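Below is one structure, written out as structure tokens; comments come after it.
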């Protein structure tokens, strides 16, 4: 019961955040709604017995990625962007309504028929904790771990080379 | 009814499609980037949900990878956007059609 | 927290409340206590800051309100600030302008939940308490950015941009500096970390090995930057950016910024106490009375040290700030991490 | 000295030099507007007149060529003091001296603003002290002194085109053709007129690329209150309290130098005791000036505590002033021909006590900052200016000495008997913010040294000269005799009758050479008083100093230049 309430709360708010992200006129409002959605996503992770992911979700998304977004929005002459009415085409609401309607329909039928694929009762102890994920990451998925480092390294170098604009200095 | 895998999948799909419609409909490239982040997030929920269903934390590793990709995407994407803004004074996708013309 | 839940259970009578409800009630009560403690600390520290500043600057500081050394000054200040007119600039983005101080405040409030003041005295004894604290305090950045943006003032915007860049950058050495401790403690749980340091001053992580001591210094300096205090007070430099991101705030909303600043000051000191300085443990082995007081004493000492630094040093320039972070602190923190690892392999026997 | 120079000039230029004169040791030459640039260039290049002190315009409505423009030149190496006079009629233009001296820019703008004399070839001939909506020219004799003009709009200091150009330059993409018409990437920010770091009402409009200042332009005049116009409407004596408000951090220096200037015009010699008192109070005022400047500058850099260490001493000196003059800030202590009254008993002991505290404060503060890494990073190499450039910008005082040039009026042209005192002239090396700060610290020590010497050999005797034309009679004689009564009446109502003539009286102010160019037509009121505020030319170089630096640098530099708006805007 408690879990259901939490799920509908977090899930519903996350979806709301997502919709508002897409629907907001101003980029700053979008970003703030997206942060809201991500915070609720952290709640969803917690419900899925993935506390490590939940905390990382907040740390990485809310603490770093979205800060970067907000930073860039503000630096790019935000006031102009606020009034950018063209940024939402008139197909917007139909385009948003269609998938949501489809989802609602399928959800009703799916959940109405099946039992919702109940999870195997309580997750094993230590499931989704930092220790477990770390053990996996450094053992079975070492390649993934290395890939992550390479992706991040490339991203750092790429962002730096784009940001430094060396060729522009006279 | 207890909350199960299907619920999470439905939620993830809804979030994913919301993000997708954002990518398709919005013209402000910053918001498009944000919509992509939303889609990635929806994918992560699917990973985590199946991980829970199967009782195997391997899915979490992939979520971590996806975090890294999302962070890298944001960093590079925003760097490119800043650069475009410098050259064009706009981040509106309709203004960035030089190649098609 | 167990004590609190037990208390509730006793009041309501055994069995009348479900365990889950009890858990939530307990957590809420603890959170409330924490919020009150935090507000009280913040208020006391405003007074302490002024007295210490006065002492350093060969003057008295507040002397009038309250009988002894202006002890009631913070209360008078609070009353005054509550009565001030609440101004929202005409061109401001109203929603975000109103929301920003709360986001900032909640960010620092949430982090308090995982601080273990004494054995069992912790609102939420999370398995990943340390990570949780970092995650919660990262919300502060968003509050700063929102306030700077919403004020629609160029100085605010500059302050917010500086603040965001600074806090995001300094979070890296801050986090890297505590990793060696996690290595030693083998846990992210705050209580576990503190328990691992019991048994006298030589058990404290800051003094376990030279690398950890350097890590502690890095943590301490980076935490000053995290809370925007001199010499790292660039987001709100009065002489440059008027008041930075809270230039346009007044009255109650400004009080939120003000409180959050001092609460954060205390928070980072508490984290340092728990992570590096043995938490509630006495420096002399064998003693174990008044653990909470010991914890508070250490944290307050760190706060005083931060105040001392603030009134002694000039402030850095933006580029120098980033230089210190990226080219000095982060490499040094990495070296300390590696060094601690090697030290552990070489000298520490695993139980 | 000046005769030889005048002879040389006459040989060189012949009839181009219309007339010459020697006024109080200043070589004065009259030239026609068309020859002005040639003569000025010759003076700069051949006679080493590297310093353009001031450009002073005087209005003589009854003359055919109504305006007289004075270029006040100074040669540090050869000790020349030259004044080049150019007579122009209404609407006639003077060739601008901006190619010769950078500081001519603002000085000529001031003449243009207040008298309406145009300058040909001036790069930016706009109003400077009066606002952009002002009509007429305030210092013309036919401008009514009561007529005020309100200003209702702000002036944008940068046009869109300039912003676009600066933006291109900062990005280095000037070659790409299709960029034009796009809004600029630079952020326009106003530092001031009310900003915590301006310490007075100044405005600097900066174009920022991130934190970097790409272009800057400053605007002054927010505190303009027509000191020079007021002076023309008051007797020589009544001007004294107005001088308090020029550089309000060192009012006593202004008092003393004003009195000195008028005495020069009168040709009177003050008593030995008066000279010693003036030296003492001048140096005390210099101390307060430097203390305020340093305290404010350190606060701007973030070292807040030093403020109290320095201000405690200033407070002590202000208490001395309070006892001595009856007020702390606006002292009004000097009188033409003497002082308002003698020192009070116990003055020497109190002063020595506070000098002891000064030494302590200097030790404390330099101990906190002088070797502090953050402080060094913030100040060394920041806002550096070379010796040549500083001279071209008209620097004097500590800012010039920071570049390594030991020019001090107290040594160059001693007055008040400064030649009798033993003191050093501290100099810097790089002309950066650090040097400016350290030069001021060292100068405070030297000032203390001078004060100690002066107190030790303070001569006895009268403070005021014995001259009923200049000095008010004692009260007994005012109430007791008809002569005394008449004397008092004449001096108060008609003022001191100063013989017709011109004199440029100058001394070492807190920020540099403070001068009063006084013109008398033989009546009790000045015909024209032109102040040479030391920070006026220094502030004109401010934009140049901060361009390319960051906002925090700009703030640190502003503090180290010690811009006092009261003196800047007059």
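So that you can tell them apart, the chains are marked A, B, C and D in the order they are listed, and the count of residues begins at 1 in each.
Just so we're on the same page, a residue touches a chain if its C-beta (ideal position, glycine included) is under 8 Å from a C-beta of that chain, and two chains touch if they have at least 3 such contacts.
All values derive from a computational prediction rather than experimental measurement.
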Path length in the contact graph (chain A to chain C, fewest steps): 1
Chain pair with the higher count of C-beta pairs in contact (C-D, A-B): A-B
Separation of mean Cα positions, chain B and chain A [Å, integer]: 7
Separation of mean Cα positions, chain D and chain C [Å, integer]: 50
Cα-centroid distance, chain A relative to chain D, in whole angstrom: 62
Per-residue multi-chain contacts in chain D, two or more chains: 171, 183
For chain B, residues contacting two or more additional chains: 86
Where chain A touches two or more other chains, by residue: 52, 56, 64, 68, 75
Complex contacts: residues of chain D adjacent to chain C: 187, 189, 195-197, 211, 298-305, 307-309, 312, 368-369, 372, 374-375, 377-378, 550-553, 555
Chain A contact footprint on chain C (complex, rising order): 20, 93, 95-96, 99, 126-128, 131-132, 134-136, 138-139, 141-142, 145-146, 148-149, 152, 157, 160-161, 164-165, 168, 171, 188
Contact footprint of chain D on chain C as seen in their complex: 53, 56-59, 154-155, 158, 230-231, 233-234, 237-242, 311-320
Contact set on chain A toward chain C in their complex: 2, 28-29, 32, 35, 51-52, 55-56, 58-59, 62-64, 66-68, 70-71, 74-75, 78-79, 129-130
Residue ranges of chain A in contact with chain B within the complex: 3-4, 7, 11, 14-15, 18-19, 21-22, 24, 27, 30-31, 34, 37-38, 41, 44-45, 47-50, 52-53, 56-57, 60-61, 64-65, 68-69, 72-73, 75-76, 81, 84, 86-89, 91-92, 95-96, 98-100, 102-103, 106-107, 110-111, 114-120, 123-124, 127-128, 132-133, 136-137, 140-141, 144, 147-148, 151-152, 154-156, 158-159, 162-163, 165
